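Structures are listed in the sections that come next.
One chain, subunit A, appears in both complexes that follow, with subunit B as partner in the first and subunit C in the second.
Here is the complex of A and B:
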């Protein structure tokens, strides 16, 4: 499945929904969405991943870029990640740098 | 303004090129492309070979244009590469002359010695495709890991308690309780951090984690047909790359992130990371070994060769890295700097380090440039440098390893002396006193402090602690070498029966001996090192050289935590006791006198009678008292500590030295009692303040407060 990324800005929250396979070929498109979202100076960056089926090293690189681009004051949420993606985030320790959640709305009010 | 130094000037086929930058060596990601840089003193031409990941055949070969060579360095920028899926190697042409040491062969594809990720053995234990012309495949790594506020911890060496572990062996056993997909990996070590904290260690020393090939010299056991592997990994393929097969994410090429994440989390929990590094030889073996990298790049430079062109074998592993050649010295330095700065590694233990002090013809140097360079390097300035101060060529330098005020040593003499005292040998009381003080006999005259001595009773090489008290001889049949491998000098004692027994008195004695060993180790000045699993009574069934077993012989059985829970609690108590008492962790040697006016010497020696140690040949008892007012040279105040050791075969009454009037002795440890330890701070008072009855083969630790 090909990769797609769409960004929505709701006030101080930027939501990027990504789907398909995040690898070296699709990473630049994702990166562009992140830069666009960062330009809106959000307080929360939400990465909606329920449709993301695969993430290669290049994908992890962009996530690391997202976290560092946003800065320490922006909370990054990884929402509804599938098992493979979640496992990768755990093993590489990236889960320590972001907030992992099933749903953004419940995570943010919790 | 647009930069013009990032635009191509040359082309080759579809590839656009530019003359590269010689530094840094290796493959470096730059804007728009990758900078490749490699050097050879004797090659006449060099070709970059590019692969798409996992493909057996190259996608391109680009000969370095002659104008891209500066000195002996070829460097080239290749633009627009899919660097995520890139694997690369080199072909080198040059002279072929065995006696001169030249092995150039342009048919061979060679791995970059500076490769930061190495593919080809992505998942542990999967039989490689031997027909593939390029086995160990260089890849690019990224330096984007978010370290937050982390950096190496710089724990004072004398405050360290080291735990030597094998990454795979620690959690591969199904009983480890970690996720199945994590077993045997860096991720699983991370899962076990709470265990390490509970145990009380503050440094882990990882047996080799540089990329190695577990299938190097793999073979089948001549009788059982079991597959035997290069399990320990003391044979380096690449010095800059973490072992992919130790990462749960190795198959995705994310091992760099996984290892960094482990280091960061360990640091967050106050635990340092020491790497066991092997610079004495490489995986290319002897004259019959494979071309992996150095052999085809610059054989004559990287290896010590006899005048006839054969490999010197000071390592016992086929070849010897030419460590004091300036080129090799630099790559070792580059390597260590990389691990400290990029992975935040806290220290290194150098396997067969005496080889690093030999000149290119094998003779020991008085002032080895490599050891000196490492000792004075600004990036390595705060990291621990620990030498295994001997080699397989007969050089034994415990006590005399060139130290430059920096190098610590695995104290092999400590190991042997304490083992002999422990099993009740005569004539060992004096040697034991040295062990307890951080071996001033070896180090004090050279101005080297107690932390120079890495104290250990067991290590991966040799018996486990449980086997040390259960076997008189080695039992190595499983290694397939008819019990001819492994050391014969074990200084072990089986306590009355060889191996497993139902005899309750023998088993009780073994339990005491294990506890005695741990107690002695933890009250010795210096840096204690514990072998993985000794806290749980792990056995290797008398095998003292389990280098080739990827099975339960080496995997830690976590069910022992239930069956040997008492032992775990005892060991953990001793470690925490050491951490609670600075008087056990002095930076400088004792002076054997009272220099703070407490009325007591910093250390005093006793025996069955207070103030009268029995130093005679027949003696098997020793006791000592540490004055808490002398802790850390009197800069902090600690309790008084008294330790009595009865390695005699009978119960004996030990008279205990009197404390200042307001203080009383309390019992922290008594391995001869059914209640072998009491929690720190709530120890019961010693029943008779003037002495205690010590059963045979037992150790007691008292606290005066």
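Here is the complex of A and C:
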């Protein structure tokens, strides 16, 4: 399945839903969505990943870019990531810098 | 042995991935092992394309092949780009993996995931060609039970 990303801005929250396969060929499209979302100066960045089947290090580099572009005070939520995507985030220590959650609403109120 | 030749361009990542997924299915690798092998091959192929060919201003092909025996699946990536040994790139250290993202360097993650993702990874330079070799043992589940 090819990669797709859609962005929705709700007040101070930017929600980007990413789906398909995120590799070096598709990472620029993801980065573009991040740049667009950053322009709205959100306080929360929610990455909805339930349909993301694959993520290479090119995707990890976009997450680094997001954190560095939006600033350390922006909370990044990784929501509903599939098992192997989650394993990559854990193995590389990214789970220490983002908030991993099954659902965004419960993550915020928890 | 099966093999496939593709141009050293980012568009080729998809056929390379499909090749690995098909080979993994043929030898019955479990879902996790198959994903990690695909990731490993994808990361090294990306480096060959971006650094070996594009950044060096060269064009060329990547040949991917699969060799199967009773014990393992071996995937080989072969290219004639500039000399590039992933094992000689700066190894990512544990301290770097614990650093907050805001302070992270961009490099090194792909090679780290590649080496971690397979049972054995090795690099060979043969004449003007780079060979990156990935080995994954078959029947991992039964071995883990012993």
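By our rule, the second predicted complex is superposed on the first by the 110 of 110 C-alpha atoms of A that agree within 3 Å, B and C clash if a C-alpha of one lies under 4 Å from a C-alpha of the other, contacts with A are read in each partner's own complex, and residues count from 1 in each chain.
Please note the rule applied: a residue touches a chain if its C-beta (ideal position, glycine included) is under 8 Å from a C-beta of that chain, and two chains touch if they have at least 3 such contacts.
This is a predicted model, so every value here is computed, not measured.
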| item | value |
| --- | --- |
| Subunit C versus subunit B on the shared subunit A, clash or fit after superposition | clash |
| Touched partner set for A:90, first subunit B, second subunit C, both or neither | first |
| Touched partner set for A:24, first subunit B, second subunit C, both or neither | both |
| Touching partner for A:98 - first (subunit B), second (subunit C), both, neither | second |
| Contacts of A:43 with subunit B and subunit C, given as first, second, both or neither | neither |
| Which of subunit B and subunit C A:57 touches, first, second, both or neither | both |
| Candidates 79-87, 295-303, 601-609 or 691-699 of subunit B: the single one with C-alpha clashes against subunit C | 79-87 |
| Overlap of subunit C and subunit B interfaces on subunit A (superposed complexes) | 23-25, 56-58, 60-61, 64, 67-68, 87-88, 91-94, 96-97 |
| Subunit A to subunit C touching residues, read off their complex | 21, 23-25, 54, 56-58, 60-61, 63-64, 67-68, 72, 84, 87-88, 91-94, 96-98 |
| Subunit B to subunit A touching residues, read off their complex | 82-85, 142, 144-146, 148, 181-182, 185, 187, 190, 247-249, 252-254, 257-258, 260-262, 264-265 |
| Of subunit C, residues touching subunit A in the complex | 10-11, 13-14, 17, 31-32, 35-36, 38-39, 42-43, 46, 49-50, 97-102, 104, 106, 109-110, 112-113, 116 |
| Residue ranges of subunit A touching subunit B (in the complex, touch as defined) | 23-25, 27, 56-58, 60-61, 64-65, 67-68, 87-88, 90-94, 96-97 |
